[in-house]
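Next come two complexes, and both contain chain A; in the first it sits with chain B, in the second with chain C.
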Partner chain A sequence: MIKILRYSFYDLARSRWSYIYFLFYLLLGFVLLFLNSNLSKAIITLMNIIIVLTPMIGTIFGVMYFYSSREFTELLLAQPIKRGTIFLGQYLGIATSLSLSLLAGLGIPFLIYGVWQSSEIWNFGMLLVAGTFLTFIFVALSINISLKNENKIKGFGYAILLWLFLAVIYDGIFMISLVVFDDYPLDQFTLLASMLNPIDLSRILILLKLDISALLGYTGAVFSKFFGTGMGTVISFTVLVIWTFIPAWSMLKIAGKKDF
Partner chain B sequence: MINTENLSKRFGQVQVLEDINFTVENSGVIAVLGPNGSGKTTILKIILGMVIPQSGSVDFGNASILGQWKYRRQIGYLPQIARFPDNLKVRELINMIKDIRGEPANEDHLINLFGLNKFLQKRLGNLSGGTRQKVNIVLTFMFDTPLLILDEPTAGLDPVSLIHLKELIEKEKKKGKTILITTHIMSLVEEIADEIIFLLEGKIYFQGTVKQLEKMTGQNDLEHAIAKVLREDD
Partner chain C sequence: MYYFFAVVKQPVVFLCFFLLAICSQAKVITVCEDCEIDNISVAVAQAQPHDTILFEAGRYSAVNIELVKPVTLIGRKGAELDGEAKGYILKILADSISVQGLRLLNAGKSYTKDFAAIYTYRAEHFTISKNEIVGPFFGLLIEKSSNGLISNNTIYGQSIREDDSGNGIHLWHCKNVLVSGNEIYGLRDGIYLEFVENSTIRENFSHDNIRYGLHFMFSNNDKYIGNTFQNNGSGVAVMFSKFIVMKNNLFVKNWGTASYGLLLKEIYDAEVQENQFIENTIAVFTEGSTRVNYLNNHFERNGWAIKVSGGCYTNIFAMNNFLGNSFDVSYNSKMNDNKFEGNYWGSYNGYDLDKDGRGDVPHRPVKLFSYVVNETPETVILLRSLFVDIINFSEKVSPVFTPDELVDLSPSMTQF
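This part shows the complex of A and B:
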């Protein structure tokens, strides 16, 4: 599997888009630090960007890479390699390459700024952890969609819709239902609703760590009230891990049954 | 070596293969023939595990292949359409497949034979269809595998390369290998095939030697024999 991972990784690493993605984060990091000249504020701004952007880039790259590497996949399928190995290797190759762009792109400016010596290092670390989780989750989700759709345009469309739904529409529906069912106890509903959306979950994970109650929002507040900060962090982290495994597992399931 | 039982495959509404039973015991060249869309490629891909049959079983050397992968070490496959990652160079592709298979390969004399030396540093996306097919042939024949599956190996080849390919097939046959081949060039079949499997609408219409088919249809060459079968079918 390591061989497949390596080839996918290098294939992506050689493409222009990985560098653009990396340079974007590099620039973003420097600009934010320059404008805010305050680590904590920069981290909050960055959070809002990361929880929307990493899923989007994960989705787009996942779909794009999957469709464009179809020849490579078919070539591998005729070789003595397990199917699961081929798809797991490619998935990990894409997700690792994107995560490295994120880690290096943001890591470099923040390290130069001296995040290592500051108390914000753990908050910054949590931000990168959440971004990495989201990358892995959304790459896996988008490969699921591409495996199910032979038609590129359709696959691309569904993948973008999924991202749009989880990043934007989900919150809207959630807010509306909070208003509509105002008279009912909504704590458990809120907990469930936020666990079903990895983007919400990552936001909560970061905010619990930042410990700024004003920014927690309704879901975060319920989380911290229900579980406390420590337990809330552990639970949201665990659910994110589950969120990473389920789409990867289902990707292998679908790939195992597919005809090429 | 290969044994299939009641093999059926449906793509959506289309029944591509229906109750296919055949056995390939001996070494030699077996040509899988049939009109377009008769399921030739599907059979080959099922043997490779790329297409998963709805029902039935495929055994390779007395063990079922379903869900298995190690048996592919013994197969060299030449796909019908030579599609490779466009941004790789020919040399990189060959090295990659060698690395992934991790088996000894003998590619140098094949590269010379097909005159691919000057293309080794070119990207696959920039190669012509025929050259790509030659790369395809090198990738298939460079490993020493007891079974070779060749899906339309002649597509896009110039006459000289075609002769080289035929010699290559003869040579592998003499080594005692089994070669499954699909093609629409009947003269090639007459020349090299020991046995033919003729598919019609997802079923095996005939399995035997070229001579037997000619006798059965009362024709004196394969092209006419097959044309007769197809016309009767209409």
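This part shows the complex of A and C:
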């Protein structure tokens, strides 16, 4: 598996797109800090970008890579290697290389601007952890989609739709249900609903760490109370881990049964 | 009369008059640890009206000292009055009393009495200045007094809870008082005014108090100018008052879930001008306030710059700067009787083709999301979600939910 992981990883590391992705984050980090050397503000802006962009890039990249390396996958399948090893290796290869682009691309400018000495280091760390989780989750989801769909166009369509659903439509439904059921106590529901969407969960985890959380008022207090405790942190990270594992597991299951 | 002035004009004669005045009337009683008089109660008892009591460096016990004749108390550097945690330290109960340069400590604390370091009752022409008051229950408690000056005092405590702490400067039923240049921190309310008329609060620095930096109740015709309110539990509250002028104040970092820079409730005919609001959760929260003019204020990096609640009519918002606030204006109804005109909006993205400094496209400062949050506060959890940006954009293009007429027709292109 390590060999396949390494192969996928190097394959991607050689490709132009990883570099573009890396350079994009590098540039973004430098430009943000150049325009506004306040680390806390830069982290807020960055959060907006990361929670939208990492899932999108993860999805598109995952689908794209999987379709384009299909022939290689088939070649591997002909060898005496376990299916699980092949797909897990490829998945980890893609996700790791994307995450590394993110970590290095943002880490370098922030380290240069002294995030290490600043009190923002934890918030920044949280941002990177959330970004990495989102990458792993969405790459797994996209491989699921591409395994299910032989048709590339269909696969792409579903992948984009999935991203759109979790990034935008979900929040819309969430907001409408909050407005409609205004008369009921909504704390538990809000907590639950934001747990069920990894993008929302990451957004709230980061927001609560920043001083903008004061705007969240009463609802924010409920959230801080929940996430502030050790239990809440454990639960929310567990949810993110589950969000990574379930798609990965279902990917292996589909791959195990699929007739290539 | 003419003759008198002619005499006074000659310097020597004038000097004689002056010396005579000093020798014959006010004498100075010096109190020090080795002096004949080494204690404040004896000094106060011996003093004739208009005498001065001068405290040399040292600590003097002072429990419930009543000043019932016009005297001046002056402390040299290092002079301290110790209340021994028993009650009031000084009580000003007569006119023309002045207390200066003293350090007052260990005033008593009580749950039934409003103990204060300096308590003033029915006094006129009092002066309290350059004192340092350490850890009081109430710092200065001034009741039914007028024509006073409270200046350059430092009052501080380490209060933690609202219910067992008092206010720094507390004025009740007063008239014509000038409160200026004081620094107050670590108390419940920095400055509290109730039924105070024609008074001025100027250039004070009220910070880190657990409740309000300044608290106004039922006080008409007052001004507060050039003060700084920073990092107080819930900012500044002005309630049930008429004809208030608030000018040139600085409201900074009143940040927290229940904080605001300035709370206006039931205020009529006030002027809010040239103030700076920086990093407050809600910079201005206004409810039931009518005919208030907000001119030339600067709102930067607040959560809400202006939050308008019910019953606010004919207010004018003009020539203000709005920069980097999460919500510029929030309204809880579709009705609007207030005017927004010629403000600078950081979020404005119109253009100015005729180069007259005014944007050609009207600006709508109320975002749909701020409307939704007002309706259902729980939705604020979607703050900074992509969906919110999208609906804000679509609402901006064609307003449906936000007040139609709430619009700045001539937004300024440049910051004031």
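FYI, the second predicted complex is superposed on the first by the 242 of 260 C-alpha atoms of A that agree within 3 Å, B and C clash if a C-alpha of one lies under 4 Å from a C-alpha of the other, contacts with A are read in each partner's own complex, and residues count from 1 in each chain.
We take it that a contact is a pair of C-beta atoms (placed from the backbone, for glycine too) under 8 Å apart; a residue touches a chain by one contact, two chains touch by 3 or more.
Here the structure is a predicted model, which means the values were calculated and not measured.
With both structures placed on the common chain, the touch criterion links A:L77 to chain B but leaves chain C unconnected. Once the two complexes are laid over each other on the shared chain, residue contacts for A:I153 go to neither chain B nor chain C. By the touch criterion stated above, A:A221 is placed in contact with chain C alone, chain B being left untouched.
In the superposed pair of complexes, A:L192 makes contact with neither chain B nor chain C.
Of the two partners chain B and chain C, it is C that touches the larger number of chain A residues.
Of the two partner chains placed by the overlay, only chain C lies in contact with A:D171; chain B stays clear of it. Chain C makes touch with chain A in their complex at residues 255-257, 259, 281, 303-304, 326, 372, 375-388, 390-391.
If you check the complex, the residues on chain B that touch chain A are 11, 45, 48-52, 69-73, 75, 77, 79, 83-87, 96-97, 99-101.
Listed in rising order, the residues of chain A touching chain C in the complex are 44, 47-48, 51-52, 167-169, 171-172, 174-175, 178-179, 182, 186-187, 190, 194, 200, 203-204, 207, 211-212, 214-221, 223.
Residues 3-4, 7, 11, 14, 69-72, 74-83, 257-260 of chain A are the ones that touch chain B when the two sit in their complex.
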